[in-house]
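Here subunit A shows up in two complexes: once beside subunit B, once beside subunit C.
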Partner chain A sequence: MTKDTKITNPAGNKHDEDVGRRVAVKAGLLAAVGIGSGALFHGLTSVARADKAPRSTSGPKTQGQADPDIGELARADVDGYAGRTGEKRVGVPTTCMQCIAACGVIGYREKGRIVKIEGNPHCPNNRGMICAKGQAGVNQVYDPDRLLYPLVRTGKRGEGKWKRLSMKDALDLLAFGGEIAGRKVDGLKTIYESDKPQEFMFHYGRSRIKNAMNHFQKTAFGSGTQGNHTSICETAKWLGNELTMGKHYDVNDAAYSKYILIFGANVLEAHTSHSYIAQRVIEAKAARAKIVTFDVRLSNTAAKSDEWVPVLPGTDLAIILAMTNVLLNETVNGKVLYDEAFITKWSNVTIEELKAHYARYTPEWGESESGVPADTIKRLAIEYGSNKPSSIITYRGFVGHYNGAQAEWASKTLDALAGNFNVKGGITTKLGGKCKDGYNDKAAKDHADLTRKAVKFKISDGDDLHMPTHHSCQWIHEMIAEGSHGRPKIYMTYVYNGAYTTGDCQRNREILCNEEYIPFIVAVDVAMSETAACADLILPDATYLERWAMESAASYAQKKFVQIRQPVVKPLGESMDMQDIFIQLARRIGGGINTLHPYDTAEKYVRTCVELQTADNAKSGKMFYDSNDQPLKSDPWEYFKRYGVLLQGNKPSYNTHAKAVSAEGKTVDAKTGVVWDPHKAHVSDTDVASKGYTGSKNAYKGYVGQQIDGKTYAGFKPDKFNKSGRFEIRSGFMPSAAEKVMADIKDFLTPEEAPWVAEHLKSGLPSWVPVPEHRKRTDKQLVMISFKVNVQIHSRSQNCKWLQEVYHTNPAWLNPATARKMLGKGVKEGDLIRIKSEMPELPWRKGKGSTSVSEITARVHLTEAIHPDAIAVSYHCGHWAYGRYASGNPVEVEGGNTGAEPAGENIWWQEGNKAAKDPTQWSEVAGVHPNWIIPNTPARVSGQFRSNDTIVSIAKA
Partner chain B sequence: MAAENNSSSAQATDSALPTALRLLASVFAREADQPLLDQFIARRDELTDVLGRDPLGALTADNALEALAVEYCHLFIGPKGHLPPVESIVLGEGQLWGPSTEAVVEFYERCGIASRSDERTFPDHISMELDCLAMLEETDRHAEAGNFAHLHLLRWLPGLLAHVQANASLAFYPAWLEGLQATLADEYPQTDK
Partner chain C sequence: MSISRRNFLKGAGVAGAAAASTAVPGCTGTRETNKPGDGPRYGMVIDLRRCFGCHACSIACKAEQDVPLGRFKSWVNVSERGSYPNVRRDFLPVLCNHCDNPPCVSVCPSGATWQRKDGVVMQDDEICIGCKYCIQACPYGVRYTDPKKKSAEKCDFCVHRLDQGVLPACVNTCNARARVFGDLNDPDSAVSRLLASTPVQSLRPAMGTDPRVFYIGLDQAAAKPVKKQSSLLEA
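Then we have the complex of A and B:
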């Protein structure tokens, strides 16, 4: 020991000069005598000593290093490349999950660590390109706040007191129940063995493991009490798809379009198929297609368009209806603009019927509702109708309203009228690859006697909604609190953060933290979330770069393909793939659910899917193709792992509805011309005779084709309800919504318009429905909308440091003229303002339509790039329980903040810029979340979360 | 102290440092388990003598296990306001498995050391770095241990200690970390001094 060394610990307790030696010797003796060194920690082991660096890849295996038998994508520009560590960089093809687009990516691993992500050139959708969000996926794995171990609550629910459990103990607790913070809870096994399996609820966010999830919960466990997250995104859009074109998910074949209309869709920044539709829109632009964007804001998409048309929020439907009127009545060079042949053959209306119905919706009427000049509406409608193929792209800005489903229905009608459906450069129905499923097509069939018919609490579809075909997730908490439809005993969330992503956040928290409502909440997630903060037990999920799955996205190459998700590195800590958690729970519960999970790991399950499809190909004559569109000659599983994709078609497929199908041995419904298989739909002969196709429950499941002029075609295949195989512009499912909708809106209509609006709603044709509350908005009020930016996803990317560095606060966009009018002439950029919800409550909501918190504060961004009657606050920001990057609450240590770069590099966590203690108030480092003041009240027809409808007032703070 | 009054052989004294390092590694590797805690409670006076203060404070045999588990989670695991006791985080690299982790792994490799195959703790976790020191000391590689301590553990221990002292609700972890820092400073003094 060096005699002149003096140690002063930071607490100020001076140690004498030999204190360290004393501790060492005494502690060593204490341990040796009292504990025994064998019981002490040994995390390392001796291996062959490496004398010089760099090391070879065959060196000691370290945590995070993937198994050597995982497929590796050799690329000319990568092979032999020695990265920063001097080791060869290994590329593993997999699938991005930063957003829902599911781009093919390659994760590069160097010395056991992911060092880079780039696009997979073999993926037909993104063709080697990815966005900033995809590149930042590295941050998901190495987030310092990542959940690495199971945690169990030790304090009150939501209080923030936890302790770690081993994964074994955590799974035991979930399976067998036990005591949590002094309160006994039942486990899954008890519920499974009871006569109420529906008391197990599973609520998922962006899961991408739908088959495994449904197999565990529904087929094997017997519970159908399930929630999703679709209504905060596009439930209304999918209903509009289903009413007309059948199965949901419309694909804009944008690269070949000559004219593109964009309504409320931020295609170049944040679309549902983001990177690959964005690149195709740009290709169209390069080919001199015209792009016109209708949006409340001048988004980056609008800025790249040929024209930006500012829209009053919630009035896009009026513009669509007026454009349809123009298309029906105008001619160019003596030619009509509509495609009469398509309408006559494939739809269920005539041009004359449409002309009569749309007569009221003149451009001048459209102007009166939307503020868009009639001349503009007319000009753009003519351009759209005379520059074919053309296409309309819509999304949340368009459908996140009371009238979203009607708007989507009307837009699909306009596309059909223009003759754009299923044509190259138009709009197509979804083509998605599919492999046989190891659970549905094997385990469930091998052990059919052990499967269960799922029963559920009816809490996912709201109350008194018309057609929530994709449910109404934002109202689930309220349904649980209300209780009359049943309450889950175990509420298990999987990467779902409803406490933050739905409206009225305070109410969400109150309900989730009430143990009387829900006895046992389990959250499975990669990182802490606002929902997980209210849980009893947290299980750490493997990130999307650490796990297996069979992936399939809607094909923008117009040919089917499947895509692999495989681990680039092993799961860190004790995190575990949710699919493996299902298997481990099944083992514990035992009995039939165990037998129904025959695979030991998710990897074996995914491999089985490919093997089953390979076997089916051999029997059916189908085949896999390689990424060069050639028949695959090598082993499909090995190819899949190595290149990441398996093509199931080798040329673009259009006009899929006109494909001939066989009606042999099937039933023809006289009323609709639908050819169907009642047996497949489990419809009895009696019902076939008495109720026919349209009246028999779930008859659509037996749909085969549509007879037209004596021939049977694939048609527009229905989903969710018994629509025919025609393109149904007139919907038999919508007149019955008229009564509910009129009850909501009648007090907001003028005496002159109420009769015709009611009549139109009953017509079954696309009709005008105003956002009711907006009709009583005063000139001192604005409509608050939300939006997404190009470097963030809705709520799950804010733990990514690289993305947060770029976008971490969300000042409220406000037109300067509006600001001067409402806040005074002295208002300036960056002023702090109060945004107060003044949303009237619809009678239907019976006191549950407003928010628990009525006001937030935000800095203002003065810009003419927004409609003067709107204020826009983006998503992404204002987290209060999602780690240091999202919340702006760095953990401070001596010498600087932790979680950012070393001292001096903290670009947004400078001293003094602390996160607000009250998350409803503006934070200089994390912004504010608008959802505190957005009501959860669903859109009456679809159940859509009305993210863009809230009426607010503003004032200086 | 009982151990000192024992016939404490020279052999025992020689093994004291690596054993002490392993004990310290055990304290920080995970929450105290019952056997470890039983020993701490049974030998509380000796422990107080070792660390210069009573690390158990007001804890009793009835509540210590739970309280220390919650404290460990609060300080090191999270999910909020914690500081993972790994070099890459405490040094402000902003990510798990950062450049520091790579450097640690490379050091292990040069020394013929690797993580156990079933070990899922980060290589630059405080317990792993202490285990590395213990292994080096066991094989009489004191100079290498000193080099490692100065390249790694001693660089970030003050930051971790500051966080723990500022956020701990119990004396346990501050006491052990202070003891650890003093031990390392004594055993591996700066060579230029």
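Then we have the complex of A and C:
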């Protein structure tokens, strides 16, 4: 405990005062277990880690295995069990998709209905446990407003008038075109046969069917006009990782860390690997690791941390830079805190260069930008640097800013400097299993003559951004409206709800509802999303519990594995797996695209993937292992269906960058030391000679390894651009961003700092970039941030009644001192307030940088658990569609409701209240969505949606 | 599930559990649960140092026990204290305490609420007359009236799962592994070993109910007042 920062949780306290109150466990028990002999408090520390639990080594694990730390009874397993009524529940292993973590789960089916979901104990990641969201997956299947039949619009676009169609007619309409509400539209076949296949755009959310999707749209159809959803959360993080460690995905090996710094990441409520990183953070805590969380508000993660350090939104980068300065300059017991050997061997800078560059970023400077006391920055940096292995966990709170990519780059630099990369308990690059693919590795090769080279409209990367390696999805609507890069004729969305999930919702709706911009919108979804509500045709998607896929998550067990998605129940109504929709469309379009889809069902495709990999294993000597890490003896496909996983490694793998690789027959780039295969990257000999690795287009695709001191190592493999295999702290890709960034920020800098900021930006080393607009925030204004809670997923769980009843409205968190200052002394919990965007426009965005709606209303939640300069409004709420549970608005269709079943239960939280007529206004039914007043303007370097940067004022409503 | 797989039921415990599960429902009185050597006595320890309030238990229970909207058999109370920036938030999962001296059993006029020898406080919907005495008598607010059946429902430690050798739903899914469950009469069980090595607390010890749900790291200030959490409607 220290003076300046905060709370110690119960685990950190010595609860001696409570010992006297402990229950005297009576008679027999006392005698039996001998309580009362001065027992120590630290029972927690004696608890073993789950992956050290004894396991049977003879054959596959079956029900009957227990986790000895939590009791002698077994976890629920694939064998099934009898429910309360005595009815048998059949267990079907599959993959959760409430959030993106893709936990292994078992769905239990009773009399044809899915009634219960448990974690799959065979999954190395979540090991039999799942969160509240995963538990509520049952609700996805039986949502009374679920879309079970195709709908075609009968009124104006967005008006909400629908007519039911058969699936056959709907697929015909999409394939061959026809009339929608009196207007003729072209179908996919016409576009496929035209010279502009790129007029078919596919925009996906959490799809998990990437191979089938890319095969249909790019390889077979020939269109690369595609949108994703990454920039809503983590585009900036991915870029920061790619600049330094090459691959975009990092894994904090938290279970074995001694010290964990968390920046703007809510791992105990909503992380991208939620259940299994949360389990491991708690395990680290049980093993007495220290956890420190920097966050604008006291999230549950911060609440369970040893310290919560409140941060002014957007200044995390300053804290990281200042901590790096401390790490470079402080010593403990005469020893330096940095890992000079790692930096010298693997990075592309020297300690001396770093010392010179970081000299300016003192803890005192960090305090001046962030408000975190210099002493705290210094103390925590020393702790982090002297308790190894340690690592930094970052996420959307950290990167959802103008300076997000720079922050991630700086954070990875700090982890490298501390020597935490690819070590046990540190931070690693993703290990994920992979099967050969039935489309890429078979269909496309068998019929190579029929494949197409995809062409695209350049509308996914914003305009004038620096390196949007994962695109800028929130700007796509705007690009379509602007039109100069081309407009899709058919805009097909798949579980993507851009109208709600990106900013400036009013503008999104206006663009989507304009038939001049897009003639034909098709939405594939399980629910009437806000985007589907703007469509012409809606196809009902099978829920994630009703379909097939080959899944692979980042392995937190540090060994590769693939996981099955298979139906627990048959798709309800006429709902259909998107992969099957592709097959059905291919059949209708005919010709090459049909031949390129040789599987009749998604099931056959997934099975082929396993069979191809099994054949490849036999050739290459690779192996499948069972969930006990033993070589798999039984049929892989049968094992996969029965237990849900196939392991592709049986022991944790670290230090992957230091693995030796063969350079034989490959080209060595003299300038960088990169060993590469120009042929694989389609680079000509002329280019190899004249431009080298760095200058040749897509040369990184031929990367083999990195030469260091005459040896070739796997290195830090590039993923998106021609970076070397070194850990690149100095990036050759960033100086060229300086001009654009300076154009944005120069008006917001003081005359004193402008020159050095510009100079640092050109240095190619991690540097300070403020959130420009925040520099002109007045003391009457706040920064609005958004956040996620433990029982909801970003936007797609609000049709789940069990989650909605726990969290269905989202009062705005406000510090009571701030509330009294800005709203008057009489302000009370639950008062209605107006939140008004006062976000200035950056010069390059004049006229397009502000939102169409500038104000929302919300009830206020007065809490000491938030920084006084911020106001926090969670996501999840304020739906104006998505069915009755989400918004209070049932889906109404000509000829009756299409839903899975009538709502038999009283939606108690909506009683006496009505859904808001104007969704920008607070309703007791659903709260309010903050995105109405968040601009879509991307962060200049990465394209990131700036979810946590909006400057607002508040007033009583 | 074969008997041999019930590796948690050791020795005499097997006979004890079998006897209890076939007992004629009725007011068994109190303090008549199995003593060491007689058979199992189930209990739970919730380590609040681990719990991070995720509500997986609340929803797992909802599904397993078919609990209607607005009601809960398992819930997490959240409390916040302090002033900025010295703020703490505590999580307190609550469920039936399966007391050794359960007041709900004593007051039940129909015998619908009874206690198995292994300590599980049971509720028989068929017999319940809906008088709500048990709801009044429970000091923990963990019972509710089912809107359709009109019976007074409660947590039963998922006995249908216990009897098959499977963990209760809330324990199985707990990502924090904060819940430890087992036989208090078996000194070698995880729950007994934890009780032997670690100070524990229980809710409202002054009520004399002798709960068999124990907490590690319970801050009595965070535990008071014990809110009625079984029904969001009647709260």
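By our rule, the second predicted complex is superposed on the first by the 848 of 957 C-alpha atoms of A that agree within 3 Å, B and C clash if a C-alpha of one lies under 4 Å from a C-alpha of the other, contacts with A are read in each partner's own complex, and residues count from 1 in each chain.
In this section, a residue touches a chain if its C-beta (ideal position, glycine included) is under 8 Å from a C-beta of that chain, and two chains touch if they have at least 3 such contacts.
In this text, all values refer to a predicted model and were calculated from it rather than measured experimentally.
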item: Partner chain in contact with A:Lys801 - subunit B first, subunit C second, else both or neither; value: both
item: Partner chain(s) touched by A:Ile282 [first = subunit B, second = subunit C, both, neither]; value: second
item: Subunit B versus subunit C as contact partner of A:Gly128, first or second or both or neither; value: second
item: Which of subunit B and subunit C A:Arg109 touches, first, second, both or neither; value: neither
item: Touched partner set for A:Lys412, first subunit B, second subunit C, both or neither; value: neither
item: Which superposed partner A:Lys378 touches (first subunit B, second subunit C, both, neither); value: neither
item: Partner chain in contact with A:Arg89 - subunit B first, subunit C second, else both or neither; value: neither
item: Set intersection of subunit A contacts, subunit C complex versus subunit B complex; value: 5, 7, 9-11, 13, 15, 18-19, 21-23, 25-29, 31-35, 39-44, 46-47, 50, 63-64, 801
item: Touching residues on subunit A, where the partner in the complex is subunit C; value: 5-7, 9-11, 13, 15, 18-19, 21-23, 25-29, 31-35, 39-44, 46-47, 50, 63-64, 66-76, 79, 81-84, 86, 115-119, 126, 128-132, 134-136, 138, 268-269, 275, 278-279, 282, 285-286, 298, 300-301, 303-304, 308, 310, 790-791, 801-803, 805-806, 815, 817, 863-866, 868, 905-908
item: Subunit B residues touching subunit A - in the complex, by the definition given at the top; value: 1-4, 6, 8, 12-13, 15-26, 29-31, 35-36, 39, 42-43, 46-47, 49-53, 66, 69-70, 72-74, 77-84, 89-98, 101-102, 105-106, 108-117, 119-123, 125, 127-128, 130-132, 135, 158-163, 165-166, 174, 178-187, 189, 193
item: Subunit C to subunit A touching residues, read off their complex; value: 1, 5, 7-8, 35-36, 41, 47-50, 52-56, 58-60, 62-66, 68-70, 80, 82-91, 100, 147, 160-162, 164-167, 169, 171-177, 179-187, 189-202, 205, 210-211, 214, 216-220, 232-233
item: Complex contacts: residues of subunit A adjacent to subunit B; value: 1-2, 4-5, 7, 9-11, 13, 15, 18-35, 37, 39-51, 53, 55, 59-64, 85, 111-113, 139, 141-149, 151, 154, 160-164, 528, 532-533, 538, 572-574, 801, 881, 883, 889, 891-903
